[in-house]
Each structure stands twice: as C-alpha cells, then as structure tokens.
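Listed after this line are the structures, all set down as structure tokens.
In the two complexes below, chain A is the common chain; its partner is chain B in one and chain C in the other.
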Partner chain A sequence: MSVGTDVIEPKPAAQTVEGGRTRKRWLNWLFVIPAILFQFFWGWYPMVIAIFLSLTNAPIRGAITFRGIENYVRLASDPLVPMAFRVTLIYGILSIILTFIIPIITAILLMEMPPKTMRVMMILWFLPLSGIASTLFWQYLYNEKFGIFQYIATAVLGLPPQTFLSSERFVLFWLIVPGIIMYGPGLYYIAGLQGIPKSYYEAAEVEGAGFWRKIWTISLPRLRPIISMTLLFSIIGSLQEFTFPDLMTRGGPNGASRTVVMYMFTLLNNGRIGDSTALAVMLFALIMVFVLVFRLAFKSDPDV
Partner chain B sequence: MANSMQRISRRQFLTMMAAGAGALALSACGVKGGNETGTPSGGGAVSNVKLLTAGWPIDMPFANPTPGYQTGYNKAFQAWLDLNPGVSVERIEFNVWDAAGLRTAVAGGTAPFHYPIGVLGSWNVPGIQASNAEGLFADITAAFEKHKVLDLLDPKVAANSSRWKAQDGKIFGIPYEVVSSEGFFYNREHLAEIGMDSLPLNWKWTDMREWALKLTKGDRKGLAMAAYALDWILPTYGIDFDGLLSHYPVPGKGFNWRWDFTTFVDDIVEGVELWRAMNFEDQSVYTDPNFWDFSQNGQLATAFYEGRASMTPGIHLFFSDMALKMNKTVQEADEFMGFNRQPLGPMGYTYQLPFANSAWAFNPDLNEEELDKAVSLFTYLLLGDGFVTTTQEIYNVNKDPSEIVRTIRWPFANKYSETIPGVEGSLSEAIGKRFSESINTIFSQPKPPEVGEYVPPEVNRGPGDTPWYDKLTRWGYSQDPFDVKTDAAELEKILNQQAKTFPSSVDPDAFAAGINRYYADMAAYLQANAPEFYEKRFVPFYDLRIKPEFG
Partner chain C sequence: MSLFPTVGRKQVKVRISWWLVVAFLVFGVFMHLVPFYIMISTSIKPATEAMAMPPTLWPKEPTFAAWGLVLKLSDIAKSVLSQPLSKYFLNSMIMTFGTMILSIPVTSLAAYAVSKLIKGRASKNLFIFFIGTLMLPGIVSLIPSFLLTRNFPFPLPVAPNIPGTDVPFPTLRIWNTYWAVIIPAGFSASNFLLFKGYFDGIPDSIINAARVDGGSEFNIFRRIILPMSIPVYAVVSYFTFGATWDSYLWPLVVIQDSAIAPLTLAIRRISDAFGAAGTTNPLTAVGASAGISELVSQGLSWNGLMVLGLLQAIPTFIFFIIAREYLLKGVKIQGLK
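Presenting the complex of A and B:
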C-alpha cells in the first residue's frame, strides 16, 4: 500500500455547512416531537375538551347537549364556590409565606456549615418520602386523643387540649405545618448558592460587608432566577392543592379546609361533570391571572 | 499511541437513546391492552366471546387450588366453560369500588363486564335509578328471563327489586348479596358485666348513651364510632340530607326538591347535644373526626377486637370476616359478639331499611350475545348450579356446614340460605344460632317506602350532600363556639339556593302522582310502626309542606 496516493476530495465548504444544518434541524425535531405530542395529548387537548364540556351537560354516556353558560351561572350562585376559592387563596398565601421563605433561609444557613455536616443535613432534609405515607403519619400526630402533639401541648406545655384539625379557625395553618418541614425546593437554592463565585463574597468582605449584608446583596440577588421559578410553581401548586387536605380533613370541619380542586372532585363524584369542568376552567383562569401578574411584576434576571 | 477505541459523541449517544425509546414506545402501542371487550366474530353461532373481569365475585380460577372453596370454584367455573364453548374470561386490573374510575371506564367503554350497582348509584334508589336512566347499566331483561334468574332468588330478595329493576319493569342488575343496614356489633361478655344478655331490637339512642357509659371502664370505651355519628342519629328524628322531615317535594319549579332544617330544628339540637354529651361529657366513645372507616379492617373494628371498645359499627356481612380476624370459628364468634340494628329515634322512628340487595350491573357496551353469556356466568357461578357445586366442595372437606358460611357471606341472595343440596345441616345454625336469629329478626322488620320507588328517576343530580356533611363535622366535633339553629338556617339556605339553579328531567304529572302514592304509603307505614312519630312529626310536616302543593 502506498500512503498518500488515495486522495479524498473534500466537499465544498458551503455544502458541508448546509448538510450539517439540515441534519441538526432533523435531529432537533426528533427530540422535540415526543414532548410536543405528550403535551398535546396530556395538556392542551384535555384543556380544550374541558372548556367545551363546561358549556354542555357533559353526560357520561349519551348525546351531549350544549347549555351555554348555564353551568357557570349555577356555580356563580353556589355559596360553596366562593367559600372554596377563599379557602384556596388563604391556603395558598399561608403556604407560600410559611413554606417558601424558610427553605431559602435554611439553604443559606446550610451553606455556612462544614461540608460534612452540610452533606448529612442535606440527606436528612431531602430524604425521599412517600407523600401519602407522610400524610397518614401526620394524621396520627394531630389526633386529639392520642396524638403526640396533644401530649406535648397538654402534658409538656400545660396548655388546655388543642383542637388542631377540628378547629375551623386554625385547620389551614395546621395543614400547612407539615409542608414547612417536608418542602424540598431548598435543593435548588443550595445548587444556586454553590454556583455563586466565592470571589464575590471575598470582595464583599474586603469592603467590610457582614454576614447579613452579603446575603442581601449577593446571595439573594443571584438566587433570583431560582426563586422566581420556585415561587411561580408554588403559586400554581398551592392554588391546586388537593391531596393533603383531602386525606387529612376531607375538607372539614364545616368546609374550612375545602379547596377548589376538592370541591371539583366532589362535583365529579356527584355526577355533575359539566359543573366540575366549569369550575376547573374558572380555576384555570384565576391561575393564569396570577401567573401573568407575576411575570409582569417579577423580573428573574439578577442583572436587571 | 493513538487510542484505538472509537468514541461515541454526545449527539450520537442521545440519538441512540431517542431511537431506543421510540422503538419501545412503538412496541408498547402494538401490545393488545387487556381492556378490550371481546366481540364474537361472525353472526349467529357463539364464538370468541371474551368477558373481562376485575375480580370478585367472578374471578379467574385458582392456579393452585386448595381443597374446599378454591377447588369447588374451579370445578364450577370449568363446568360452565364446558357448557359454553367459545367463551373465554380474562382478568383485568381494575378497582370497581372506585366511583370516579368506574365512571370513566363506563364512559370510555373499558369497564369490566360486571361491577357493583351502588358504586355508580350512590348506594341509594334515586341514584341507582338515575344512573340506569343515564345508560350506565346494560338492559339485561332478556338474559335475566332466559336464564330464569328470578326462580333462583330468595323470595324476599326477589320482592325487593328497586335496586336492580327500573320502574318500567326493565332489569339492569342481578342481586348477589343481602346486606343489613348499618348496625352495631357488641361484645356479649362486656354486656353481661352490666347485667344484659343482648341489645334489644327497639333500643333508642338514649339507651345507647346510658349503656355506653356503663360499659366504659378504664381504657375501654362503651362505643367505637365513626366520624359521621350524627348522620346516624339525626335521621332517627327524620332529619337527614334526604330526610323525611327535612326534604320535601315542590312541583313545577325546576328541580323538584327543597330543604327544611328549621321547622324541627329543636330535634336537631337535641340530637347534636346527645352525641356531644356522649363524646365530650361521658367520654364513652372511641372516636375521632378522621375515623371514616367502619369496615372490619378499620381502627374501630380493631378497637373492638382488642377489647378497647364494647360496641362497634358495621354491617352484618362483616360477621364471618370478623370471626376470621379474631381467629375464631363462627360459632365462637357467635358466643363472643352479637349484632343489632341501629337505635331508634325518641319517638320510635327508624329511617333504616331492614335489609338491601347488593346488586351487580353489566357493562352497557356488551352486545346481546356477550350480555347473555355474562348473565349466564354470573347466575351459574353465584346463584345457581355453580354455587351448589362450590358449597358442596367446601362442605366435603370436613363435613362441616359452618365452613360454607365462614367462606361465603350469609344469608345468600339465592334460595339456598337455609339448606343446600348435598350439605347436611342448617346453615342458619351453622353460622351461629344467636346471630342468625337476630339477623332473621332484623330482616323481617317492615320496610319503609323509599321515594325512589315511586317517582321517575331524576337524571339532573341536583345539589350534593356536601353542605349537610359540613354541618355534621362542625356539630359533631368542633370545639369552637357555634349555634345549631343558625347553622341549620344557613344549611337550608345553601341547599335551596343551589336547588333553584337545577332543571328537572321528570314529567311533573308523573312526579306528582308518584309523590302522592309515596306519602300515602309512608303515612300507613308510620301509623303502624311509629305512631307517636306519625302524630307529632309526620302529620304536621305533611300539612305544612306537602299538602299545600300536592294534597
């Protein structure tokens, strides 16, 4: 064999670039199409169908009859609907205040710990737990006769017996308490904090900044994109809360913990599918308003 | 030296992963799901009928059957298959007791061939009849008659058909079990401590309070009760979401019903005070606002098994299961515990039925041939010859009839509750003389008329019972200050406000005719069985609410 006698003619440069772009485009679509299909079948299509069903009698079987806004009018005059929205908004606000801020502070404080301690604390905090199992466990903790919280309140702190989940005034607060402990976006905050260059803090220290000053001027601004994302998800999630209050209180006492999604589920179980979808559309509209206001008011770019 | 291994780029790796996932997704699409309803090919002759079952009471034959029930079931199942060539049965994973899931499956045509009627019908006659009117249950009239199902049924079951037969005579279900209304199991030994042998049939809730207090000793509570205690107490005053004295018909105003919780609000106050006194003053009740499960597997039953409660709610069907849980034979369980119906109200009224039929419906997407085979299989295995075969096998293991009633809940919906061909002995004695006597007594009580048997079904479901249960949770357990009368007025207002927004699908004349017949029969029933309640409550309410509109 003689080396160098077989010469491969290179392709013209323009043809190579064009071929690369075509292949890249094809591959891009290959990766994106499954997600689009998934979103279409599990997101957009059900949403459009729900809006359509909310304007009909939505029978389980048989002919569909168009009813216009009859379902919406019925819901508008149902006293349980504004009650459910009120509970949902209070739950959402309380939930965000209590379960949103604390993980940020915890993440910041964790970063100050020695690395080994931090790792152990992270494992304990972010241990994956079954949501349902945890919920049932909390039910026993709150039990007024033999729960440990009652024991602590009466035997340890000397308080009168507490009503916990059977108190209409405080049931929402007690429902949110487990979220303070179990909520896990702190992992995102720690990841964000670890991405901040140490030189920023060193420079601040040189300038004489103390601990809290550094947090306020460096950590929090750099965390803004993550905070923005998790806050948005928190708003959307808390306005659709269902599992936890349903398992813990079934919406009681006296509807004091019944969220909109819980009432939606009740309507569904009562065979009022048209009303249930109309309520879902109303909730969707409310959430969209919150999201739009949030996007307008909150800029996530820390450099703006 | 150059690395001779060819390295894969990140792009190539991701492309391979995507191709692999796509191939997996495509192959999954190609697998036949188990939720198809089989349709026979060809027109006339039976072939390729496939019935999909989600399990009990028609489950697949046992793979490695043990002697007794399993061998008997397998034998009966095979005998039926031999009589019906070309028919196959396939198991699917599905929870027929989940209302939302079952509703979705029926809507989508993926439901199993049989499912409990009550799940879609809210376990009451109006709900069941309305679900049938909506087409959620197949019309099995032809198959029912062809397979002579009526001849196999116990006469009292056959006569009590409002949960499986429409008002026009069409049949949409087959009764399988006979179920008592909710009552109480009680510990005989504990009762003996307070000088009692058994609970009397016509006891009242005031008696319950007195005896629960006497039975409470140390850590033991006289009564274990679920969170909806008031939903059992208030109806004995005629007050309920659909109570005789709190729910009344109105003609020609859209939805045909309205609510009244203020006319007899003092009764509500009395009932609430009774319960709260039991729970908070006497502290004779093991209860919690989150105790919703009164099954044989729940916390209340467990407290009963462990001797921490002397009485626990349940239905009579739990008896043999409870015996198993306590590792007792049914005779031993009969010595240990008794069963009684719920207490009556202060004027002798009970809202309870003596018993109800637990019926099973069939998938409306089955064609005529499939329905015929489905009804045939159900009837054969659970009511007819297959049932006899199965029970004979159970008996033949130890020649002990009590094994039959320990395995299959008693009494049966078919005609074999007392004796079975090839089985020696009486089944009512086998389950326990005292238990069977109390059940027979309860089941033979007069049955009050049910409004769903008289008026056409209303497919517009109307207001749900959510506001009613809201108030029950407050009245039952809240320790925040509240006023029952204010709450009752609010409850009435909410329900009536909701009711005004619903139309009605019922013909007004048919409704009026049915209502008049219902109240006439109810008046006769009350005069005979609860005369004080009739005079002091029913007549005033009828004169106030019913007579002006329908009189």
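Presenting the complex of A and C:
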C-alpha cells in the first residue's frame, strides 16, 4: 500500500460519514428517548415534586391543600425526629469511618499476590451473599441466648452475658460490626488498580521508593477518581440506610436504631404522607450539606 | 507484585511483611466464607440443635427436615404465610427478570448514544441529566414515586379534577402490580455509568469504519458494538439481578397483596413471626403466634430461617457463577467524569 492512496482515500469517505451523520442525526435521538422519559418521570420529576408535596396536607382522600411549613413545624415538635436524625448521623459517620478504608487497602494488597492466587481469592471474595439472607445470618449470630457471639463472649472470653442488639447504647455499633469483619476488596478498586502500568512502580523503585511510598504516590492518586466516587455514594447511601437496621432490629430497642428513613416509613404507614415527605426533604437537605462539604474537600484534583 | 521490592525479596523483613499481607488476605477470605458455612450447616440441623449452647460446628445427625418444612410453610402455618413459598420465589423472578429486560436495553442504548453518537454540548447535558440523580439522595423521591405508581402522571394521593368539572383526570395505576417494581427501574443511573465507561473505551475508528460500509447506526450497534460489549452486559445483568432480587424498601411500599409479594417481603414476615427481630428467641414467641408454636413443635427454628436465607441467596449465587469471568473486564469506570 502506497502512502499516496492512504492520504487520498479518506477524503470521499469522510464526506460520506459526515453526510450520513447529518442525515441520521434525528435517528440518534431514538437511542436516548426511552431513557430520557424514564429518567424524567421516575428520576427528576418525583424528586422535584417532593418539595411541593411536603408543603401540602397530602390527604389520602379529599382535596389537597397548601399548608406552608405546617408539616415541618409539626415534625420539629416531634421528639422522635431529632432522635432519628441522631441515629442516622451516628450510623452513617461511624460506618464510613469503620468500613470505607479497608476495601481499598485490601484491593491494593490483593494486587501483590501472584496472578493465580489473586484470581482464586477474588472469586472467593466476590461470592455474593444476598443482603437479605445475611440479615438472617447476623440475627442468628447476635442472638442473646444461643448466638455464636454470645458463646464467644461468655465461654471463650469469660465475660458476663452481653446484650448486643438489645443494648440501647451499643446497638448501632453492633449493626456496623458485620461491615468491619467481613472486609474484602472493592471491585471498582481492583478494576482501577489493574489499569496502572507496572512501569510506574518499577520507576518508583529505581528512585528508591518503598512499600508505603509506592501506595501513597502511585496507587492512591491513580485510584482517586474512583475513591471520590465511591465515597460520595457511601455518604449518600449510609445516611439513607433502611434495610439492614429494619430487618435486624426494627428500630429497637426503644428507637435506638431507628434511622430517619425508617421513621419516614412509619409515618407513611400511618397515612401521614405530607409529614413523611417533609421528613424526606429534611434528610435530603442534611445529606446535601455533607455532599457539598465533600465536594469542597475533593475539589482540587491533581489529575485534571 | 509491584509494591514489594523486586530485588532483595529474601530479606527477613520483606519476607515477614509478605506473609503478614498473605495472612491478612486469607483471613478476609475466610471470614467471607464463614456465613455460607454456618448457614448451610445450621440449615441441616434439627430445630433444637440449631439453638444449642454451645453451638455445634457440624450437626450430629444431618437432616433435611427443615428444608422440607420451609418449602411447605404455608400449609403448616397459614397465619404466617398465606402463599406457598414457591409463589414468592416466582414473584421475585418475574420482577427481577422484568426489570432486567426493560432496564438493560433502555440504559445501554442511551449510554451508547451519549458516548458515541451525540457530540458536544448536547452529550454533556444529557450525561448530567442521566447521572445527576446518582449524586442526590434518592430517598426524597420515595413518596412521590409511590404516589406516581397510584396516579400516574400525578404524584398526588388523589388525582386532581379536570378544571370546571367534578371528574378527576384519568390516571394510570400500576401500584400493587408487578409493574410497580419494574417500570420505575426502567432506567438505572449507576448502570448508565458502567455502560458509558465501557463504550468510551471502544475506539471511534471502529464505528467510523462501519459507517463507511454503510450500516445504520442501530445495525452498527447491534452487529459490532454489542458483540464487543458482552463483559459489560454480563456485569450489569449481574448487578441488576442482585439489586432487584434483594430489593426491599420499594416493594414494601408498593406491593400490598401477598399474592404478588417478592421473597424479601415473605422473609420479613417470617422473621417477624419468629420474633427474630432483636432479642426474642423463637421459643418465647410461641405464645405470640399459634402458627409459630406449630412450626417449632414440628422441628422448625433457626434452621428454617437459614433455609430461607439460602433460598434467597442461591439465585444471585448462580448468576455470579455465570458472570464471574466478566467481572473485571466489564468494569471500565473512571469516576464521575
């Protein structure tokens, strides 16, 4: 193949492509229209309407009337609301502090294993245990009469019988413990780490960088965009927790593990739709404060 | 093997830290396998042994009695479970596969268009429109979405009247049907991110070459992009399956009729009936529910709950086995940009 044809050939071809593109530009939108409709009606629309709904009485029957901030005032005088927010904050912050970093470290260390070992370990680690199934498992372990934790506490460690999930003071801690001891590597971190060229580490080694220094100057900076994403999702997710505490304790004892979302659900079940939405908007505002603080903290991105 | 020095691996210090890393990793894997072991071994214990103190490591006389009892739970204790367990299982299957069939094409086509077909400002704006909800707490839309399932397109408890008349607007009601779980999940922002990350990695030149050959955009997608993208489809299918199969709060809100309830809600009911929540042990719950005393006398206690857990876990497990080869190949995500 001569250089000449290479240069000349693309010209007419490029025109066809351009012509084809303009001709079919409208067809391109057919790819996105279904998604736009779903994302609009089930994504943005209910999100925006929540604010409006929280300002109404939202009765199950009869006409809807605008009530201003009445719902918020009523919630402000409800002692269960600050309690639920307190539980949510403690649960969210504690679970991020205690469980967010370990998967990153585990993923980084896992990359040190020989390829075969790594594959086997990864497969074993990613064996999924359904979240709902695991709540049954943890309830069994935490059982005060015959659970394994009680056995370890009394028979192995020689402690007096523990109360675990029925202790008002420590119930939140016990709910987070499974996340700590069931550590494993995050799939996204492994995927990110695999994209780092070996030569980076080799160059660092020539320069005399040790174990920790390589992690600090190569692995972590390269994972930064992924860490920032997963951290954002963890903040949002952990402050909206419902499933695990609901199945484990139903919010007990005496509301010591009742998160805001669980209280929202209770209000909804009692037919207090307006109040429940107002509570959701309050939680929304709280989480947005966290998200904004997070964005400010992560703003200066050296890679960009 | 990039953190440990390539030279001087035999040094005592390096060796010790290497084995510490191995120990840390092996311990993590071990901890991860413990729940499977305990659930399986407990599920084949007799009822009393499942509540023995100290707990036994492996049943003295393994029995599948609990499996049999759980499968006909609705016959033994109608008050606990009104439908046979297989019905809940089927309901979960319908909702999960329904969601996958709707959501995966809708989401992936949009991600492909945003990644490859639509350029410039429109593409950027669409991207923000699609993943913006991911960066906001979705819980705020729980109740309006719930109301939407009752009176679509009005997110209100009661549809407003047509102006000037006493007749309410006609609305679409999907509440308390399978559709209430399937339709709201028609687009998934997190899957969009996975798809887009993957499609971004496909060189434009491949698509341009196909355009020169004169394929329509949809045919190019179907014939060329789709076969190249099996890993990301496998990963997204697995994630979607896992998430929908385990979905809990949303079905709790929109599904009322136990004839169409998913398995997760059945588990909630049973674990409630057992008094499993929190502190009580099944034997003290005997007085609370006649159905449960019946179960316990027949030999069902925590062994039965573990059977339920395993039944809930097995489908996701199977899906994982199918998708495992693709897990790493399919994830090409590079943050939210």
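Just so it is clear, the second predicted complex is superposed on the first by the 268 of 304 C-alpha atoms of A that agree within 3 Å, B and C clash if a C-alpha of one lies under 4 Å from a C-alpha of the other, contacts with A are read in each partner's own complex, and residues count from 1 in each chain.
Everything that follows uses one rule, which is that contacts are C-beta pairs under 8 Å (C-beta built on N, C-alpha and C of every residue); 3 or more make two chains touch, one makes a residue touch a chain.
This is a predicted model, so every value here is computed, not measured.
Colleague: For the three-chain model obtained by superposing on chain A, do chain B and chain C clash or fit?
Modeller: Result for chain B and chain C: clash.
Colleague: According to the stated criteria, A:201 is in contact with first (chain B), second (chain C), both, or neither; which is it?
Modeller: Only chain C is touched by A:201; chain B is not.
Colleague: Report for A:27: first if it touches chain B alone, second if chain C alone, otherwise both or neither.
Modeller: Once the two structures are laid over each other on A, A:27 reaches both partners.
Colleague: State whether A:255 touches chain B only (first), chain C only (second), both chains, or neither.
Modeller: First partner only.
Colleague: Looking at the overlay, does A:168 come into contact with chain B only (first), chain C only (second), both, or neither?
Modeller: After superposition on chain A, A:168 lies in contact with chain B alone.
Colleague: Please work out whether A:72 is in contact with chain B alone, chain C alone, both, or neither, and reply first, second, both or neither.
Modeller: neither
Colleague: Residues of chain A touched: more by chain B or chain C?
Modeller: The partner with more contacted residues on chain A is C.
Colleague: Between chain B and chain C, whom does A:268 touch in the aligned arrangement: first, second, both, or neither?
Modeller: A:268 contacts both chain B and chain C.
Colleague: Thinking of the overlay built on chain A, is A:114 touched by chain B (first), by chain C (second), by both, or by neither?
Modeller: In the superposition, A:114 contacts chain C only.
Colleague: If you stack the two complexes on chain A, which partner ends up touching A:60: first (chain B), second (chain C), both, or neither?
Modeller: both
Colleague: Where does A:91 make contact in the superposed view: on chain B (first), on chain C (second), on both, or on neither?
Modeller: neither
Colleague: Out of 20-28, 56-64, 92-100 or 272-280, where does chain C run into chain B after the fit?
Modeller: 272-280
Colleague: Identify the residues of chain A that lie in both the chain B contact region and the chain C contact region.
Modeller: Residues 27, 30-31, 34, 59-62, 139, 143-145, 163, 165-166, 248-250, 252-253, 265, 268, which sit in both footprints.
Colleague: In the complex of these two chains, what residues of chain A are touching chain B?
Modeller: Chain A reaches chain B through residues 27, 30-31, 34, 59-62, 73-74, 77-80, 139, 143-145, 163, 165-169, 248-255, 258, 263, 265-272.
Colleague: Give the list of chain C residues in touch with chain A in this complex.
Modeller: Touching chain A from chain C are residues 1-6, 17-18, 21-22, 24-25, 28-29, 31-33, 35-36, 38-39, 42, 51-55, 106-107, 109-110, 112-114, 117-118, 126, 129-130, 132-148, 152-153, 155-158, 160, 183-187, 189, 192, 208, 211-212, 216-218, 221, 242, 245-246, 248-249, 252-253, 264, 267-268, 271, 276-279, 281, 302, 305-306, 308-310, 312-313, 316-317, 320, 324, 327-328, 331-337.
Colleague: Quick check: in the complex, which residue numbers of chain A touch chain C?
Modeller: Checking each residue of chain A against chain C gives 13, 16-17, 20-21, 24, 27-32, 34-36, 38-39, 41-47, 49-50, 53, 58-64, 106, 108-114, 121-137, 139-141, 143-148, 150-151, 155, 163, 165-166, 181-184, 187-188, 190-192, 194, 198, 201-202, 205, 210-211, 214-215, 219, 224-226, 228-229, 232-233, 236, 239-240, 242-243, 246-250, 252-253, 261, 264-265, 268, 273, 276-277, 280-281, 283-284, 287-288, 291.
Colleague: Touching chain A in the complex: which residues of chain B?
Modeller: Result: residues 11, 14-15, 18, 21-22, 25, 99-100, 103, 106-107, 130-131, 134-136, 288-290, 292, 364, 461, 464, 466-467, 469-471, 473-474, 477-480, 493-494, 497-498, 500-502 of chain B touch chain A.
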